[in-house]
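One chain, chain A, appears in both complexes that follow, with chain B as partner in the first and chain C in the second.
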Partner chain A sequence: MAITMDQPKVANRLPLSVFLMGGTQLLNRHYIKGCFYLLVQILLVLFAADLLSALKGFITLGDTAQHRVGFKIIHGDHSIHMLVEGVLAIFLTVAFLFAYLLNIKDAVTITPSTISLKQQLRAFYDEHFALIMLTPAGIAALAFIILPILITVLVSLTNYAAPAHIPPKNLVDWVGFRNFLSLFELKIWSSTLLGVGSWTVIWAVCSTIFTFGFGFVLALALSNRDIAGKKVWRVIFMLPYAIPAFVSLLIFRLLLNGIGPINSIINSFGIESIPFLSDPVLAKVTVIVIGVWTGAPYFMLLIAGALTNIPKELYEASEVDGASRFQQFREITLPMILHQVAPSLVMTFAFNFNNFGAVYLLTEGGPINPEYRFAGHTDILITWIYKLTLDFQQYNVAAVVSIIIFLFLSLIAIWQFRRMNSFKTDVSMR
Partner chain B sequence: MNKLMHKAGVFAVYLLLIFNAVVVLGPIAWTVMASFKPGVNLFSSSFTDFSFTLDHYRALFTDTPYLQWYANTFVLAFSNMAISIIVVTMTAFIFSRYRFKGKRNVMMGILVIQMFPAFLSITAIYVLLSKLNLIDTFAGLLFVYVTGSLPFMTWLVKGYFDAIPTSLDEAAKIDGAGHLTIFFEIILPLAKPILVFVGLTSFTAPWMDFILPTLILRSEEKMTLAVGIFQWIASNSAENYTLFSAGALLVAIPITLLFVATQKHITVGLVSGAVKE
Partner chain C sequence: MKSICKNMAFALSLLSVSTVYAQELVPEQGAQLLIWTDELAMDYMDYATDAFNETFGYDVQFRFRQLAPMNSAGRLIQDGGTARVADVAEIEHDMLGKLVVSGAIMENLVSADRVEKEFISSAASAAKADGKGYGFPVSYATTALFYNKDILARAPETFEDLIAFSKTFNNRTENRYALLWDVQNYYESRMFMSLYGGYEFGKAGSDADDIGVNSAATKRGLAAMLKLKEANNSNPVDMRNTQVRRGLFTEGKVAAIVDGPWATKSHLESGVNVGVVAMPTLEGQHPRTFSTVRLAVVSSYTEYPVAAQLFADFLASEAMLKKRFEMTKSIPPLNHLMAEIANSKTVDEATKAFIAQGFYADAMPSIPEMGYVWSPMANAITASWVNGETPEKSLDNALMVIKEQIAFQE
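This part shows the complex of A and B:
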């Protein structure tokens, strides 16, 4: 009784939590909350100096480059590490401010707890089960997905590129949107971006449509009532899906080689070798055809599953109406399948858009295109990024290209989400 | 007349099936033959030459770190599978069964993020891993694998969980079951097909991935199969080509058997991921 009499006074005054995070909560015996906030504040005090210097480093990106005094190398600032530390510091500062405000908001409305610590733990677990269980996935996603994307965006605003700005030897500076401008305005960059970008779209569209089409044909063939040995056919046809893609792509690379077995068969007929992988146009066709080889079974399996979802009554009813098989296909099968498979068509498009292996393992982006900067004829955006990053250390331009991909695919994802939602209301309105 | 048309139709379907079987099996047959063929010149031999040797397989085990790579890849694959199943099912369970602030926005964010491969921000990931001293460690690679597949898998599994009637967990709740009891004893047993799918996909990912291990694992003894085998091909030396054919087969066979054995579950996984949302 005595405790509850005291409390209103505390709450009306400026709560203790303004100065000591978690203080009011602890006074009111909310041990879990109190300790958590207190811990946040202790951590802040311990690391405040590091936090400040990281924030400062984020702005300057370092001011002493690595240099020599006599024969000794004096280590300078590592700009990129400073950038990353800076982003982390900003994250933590925002998180701290958020925690601080929550702590005060909570302190103002708090009522004393009357239950024991054990009961509090129990109640905390029950109420915040979702939050607790999401924490590991949330932290992982924050650290390895969100944070890297943020850093990529920031790198695109620097001059982090070979030869003059590679830490730890040199410093890196903020340059604003200069990389974006030069990528779009400098002829050699913009023509590469345009060429590689349009081929990426063509590749993604073609490989998606053809794998879908071919997978559809196979699924239909396997659903035909008059075909014997369906299980065997099915297992054979799913092999390209089951064999690791990098193995089959490398096999094709050997098979289609200029002096490879396919060409030696062709030669034995007295025909000259076909440059499957070294002619600019043929190489593109080859990449798409092999893409279909590896991708069609996915759609075959998917559509075979979707076909069983179509109610048999539809076919029976249309037979009574005298519909031909082709009419049944056009009016029932095709729309029903398209409707079911549409989301995965979009996903496959996005997957192929960034299908590094399908291009790199087969052609390594080649043949070389002298009109492109650091790219070949079959390079798609992601293999171009790979070369920009690993072979030529043009990190800033690679970051800009990554951002272009992010934006493009985000638009598609959002469009897809909207479409799905409208579909949902569609159904519920019926 | 009609009967004749019908027969012609069936014949055409068989033609298609046979054509496709040849296209699928041809390259595989060539690789199998090449791996048993004496000599190092893969290209001179034709499809009709039937001499036989196990030299390439012997070389694989005695002269190259192939077994080491195999072990590395297996460890990575198994850990990736175990961790992914735990994290993905739990996260999907929360998204399927609990309400919380901003859930719709998070779901939308997941849908957008699952389209980006981790490689797009690889420079940043590399710096982060080196700050955490995780470069050239399996742990670093695993972090990237698990988080990279998390958004898509969560989306997929949530779709599957949504289809399990909530009346089941409500009944259990009335009987006094806690959160974890509902998860382990009601949801998971009903979700076996999708669990197999998640397990299979996350188990096979490290066997197929080439970019991330190239970047993150630096030392020779930590290489994975995909990286090692690609180096044989990229070296452009005939001797390595025959090693490749033998090495590639030994990778492909177990993975292929896994897929064939679990094909029913794969269809379930594919359809639930694609058809529901």
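This part shows the complex of A and C:
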């Protein structure tokens, strides 16, 4: 109504579209638009009952659970299905309201169309080409990105966990922020969260820095004029990256096992086995070292590429000025490289933060830490979540931890990207 | 008045002879059942389905899928209602509580009475949850001691024998150990912790308010178990993997290992001169192992509940259990069949050992709270075995974690 007030020239008459979506448009011979809005309204009328019950279900999460009469099982409400359907219903409702407002706004400013249906079709295609092309991607993003995130957030506000609240025999209920509170207040959860969380940060920082550093060394070695057989070396250095990481990780797990081949060799010298994967500290070191082994070739490639971007003249000029090799490295190579690969460093940090395979395939989070809840010494947050959901079905706590990871990573990413030169002055390098 | 009495009498007779009622049931027209069972039982299941149709003249269609009982329960809970799940699946009984709470399976509507009366008591209680019968017991298992006859001349009668033997035998750099078991796994270590009467949930394993993991008896049991560090001085983390333990045993580097009936066949075929005995004593006490009962269960999502129930019941019938024993060596949990096998002269050593150990076995609790025991107990064992924590401290801590976790659910 506010719209009609703002537009005094048509204020005397409510557009037909207020009651029948697309009505005004059809009257003004805008057939495409009119039919579209009309279709939206028809669909709404047809499915209004379903939409309403889904919205109601979203609030109650069901009120009758499964029960049995004789041989027949009567399936009641499935809270989690209702939650998902409820979210979809909210999406559809918002979309409808949006279409309705658009429809009225359009009806108020409309002028009669003078072109034929065919021309209208063409005009629509020309005007809204981008929209038409982007719609599938938009829907996909909604379904595969927004929806799962939203559902995770919602699950964190419920008591969805084994054994007492697993549908369909039981209903799941909203519990507000209770899970967040208990994760921080209950000693057993908070100490695990703190322990696992801090190790995750240490792991992500170490593996990123060492991967970068080791990759840098390899790249410099490859670019050195005095090294013979560069191509052969490059192929060898690339191998860890070429083999699928999960294969090499499983092989390392076998090799480093307490009774594996490496320890057999050590044993044959009469020395006791080294607990690469079963001593808490050593296991952490092993996980990082193997992580670097699998990740360094990526940085080697990246930096080798970046090195070729540094103008030769800089080195020649500095040589004339009498700079040493080390000074050249510190003053020219390092800053130029950092400038180029800094964004990938942040991305690698985020990737390592959630590098499930590097930890789970190697140690499965072990060795057991008696102080932790559902977690071992080398468990990072993401493997802890995996155990919470798949092994212990504590979906609510897992959802809370996922949200914490998400918030932490986005904060770091935003902070880093904003203060990084590469994003402010990316043209200056050219 | 007369007709009311008549009706009452009729109703009473229905109640008292529910087994008769069961026999009057016939499978639904065109019933199609999907069965989940493990690899070892596939041939037997093929036989059982044919026998089912032949014996009763039914025309039920069957389809099979090979799935380890460990995974079946999880699949039923997670996929039930959204994807096609088995109509009849086989599970280990410790998952029963979880399945019942989540509503994935139906009660035993045809033979709960018979299970209660004719099956060994641990199987009868394993088939029940909240006092109601759900499962159809099909086999019984517990752990026993497998030993290498070439290393140990006589079967060990006490664990102290193994400790004494280990003094000359054990060598860490050569991976030679007198005794191996999965120390950090409560399923196997439990037998020592219950040496003096330790328990999890009440004496019957179903009272979630009576948690016995830090009872004086359990602490004493754990303390006794720590003595075995001499016989088993391996790194427990390396020995978590069953394949590793069996591999070392097969290589002739290990004198004795703890294993179950599921491994009998591979041990016998491994070329080791293997013997099987019930658990030796420790400090003069009999270790009390966990026993597990495999149950056939009927999914709540089945479209043919009557056919599924009848077939599950058929799997638990005497004739079929006998056949199953012949085909797969699984021990039938029926009272008189078990006695018959134990007294038979022709039955193999392993089966006899498992049945003998059965007298010193407790059914693994199947209440859902059992799910909270494994991880804290693994932690407690690790704290005492690896980090040298006292049994008092580590078990008190385990109790605290279990209680906190149970409270968190409510």
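In the analysis below, the second predicted complex is superposed on the first by the 399 of 430 C-alpha atoms of A that agree within 3 Å, B and C clash if a C-alpha of one lies under 4 Å from a C-alpha of the other, contacts with A are read in each partner's own complex, and residues count from 1 in each chain.
Keep this in mind: a residue touches a chain if its C-beta (ideal position, glycine included) is under 8 Å from a C-beta of that chain, and two chains touch if they have at least 3 such contacts.
Computed from a predicted model, the values in this text were never measured in an experiment.
After overlaying the two complexes on the shared chain, residue contacts for A:170 are found with chain C alone; chain B is out of touch. Applying the stated contact rule after C-alpha superposition, one finds that A:251 touches chain B and leaves chain C untouched. Contact with neither chain B nor chain C is seen for A:120 once the two complexes are overlaid on the shared chain.
When the shared chain is aligned, chain B comes close enough to touch A:147, but chain C does not. Here chain B and chain C are compared by how many residues of chain A each touches, and B touches more. When the two complexes are overlaid on their common chain A, residue A:386 makes contact with chain B while staying clear of chain C.
In the superposed model, A:93 makes contact with neither chain B nor chain C.
In the superposed model, A:298 makes contact with chain B only, not with chain C.
Of the two partner chains placed by superposition, chain B and chain C are both touched by A:259. In the superposed pair of complexes, A:136 makes contact with chain B only, with no contact to chain C. Residues 257, 259 of chain A are contacted both by chain B in one complex and by chain C in the other.
Taken together, the chain B residues at the contact with chain A in this complex read 6, 10, 13-14, 16-17, 20-21, 23-25, 27-28, 30-31, 42-43, 45-47, 87, 90-91, 93-94, 98, 100, 108, 111-113, 115-125, 127-128, 131, 143-144, 146-148, 150-151, 154, 179, 204, 207-208, 210-211, 215, 226, 229-230, 233-234, 241, 244-245, 248, 251-252, 255-256, 258-260, 263, 266-268, 270-271, 273-275, 277. Only residues 77, 80-81, 97-98, 100-104, 106-107, 109, 172-175, 184, 234-238, 240, 244, 248, 300-301, 305-306, 309, 368-369, 371, 375, 378-380, 382-383, 386-387, 389, 394, 397, 400-401, 404-405, 408-410 of chain C touch chain A when the two sit together in their complex. Residue ranges on chain A touching chain C, taken from their complex, read 65-66, 68, 71-73, 75, 78, 159, 161-170, 182, 186-188, 257-259, 267, 270-273, 275, 277-278, 366-374, 392-393.
Contact residues of chain A toward chain B in the complex are 80-81, 84-85, 126, 129-131, 133-134, 136-137, 140-141, 143-145, 147-152, 155, 217-218, 221, 224, 226-227, 233-248, 250-255, 257, 259-261, 264-265, 293, 298, 301-302, 304-306, 309, 340-341, 343-344, 347, 350, 354, 356-357, 360-361, 364, 382, 385-386, 389-390, 395, 398-399, 402, 405-406, 409-410, 412-414, 416-417, 420, 424.
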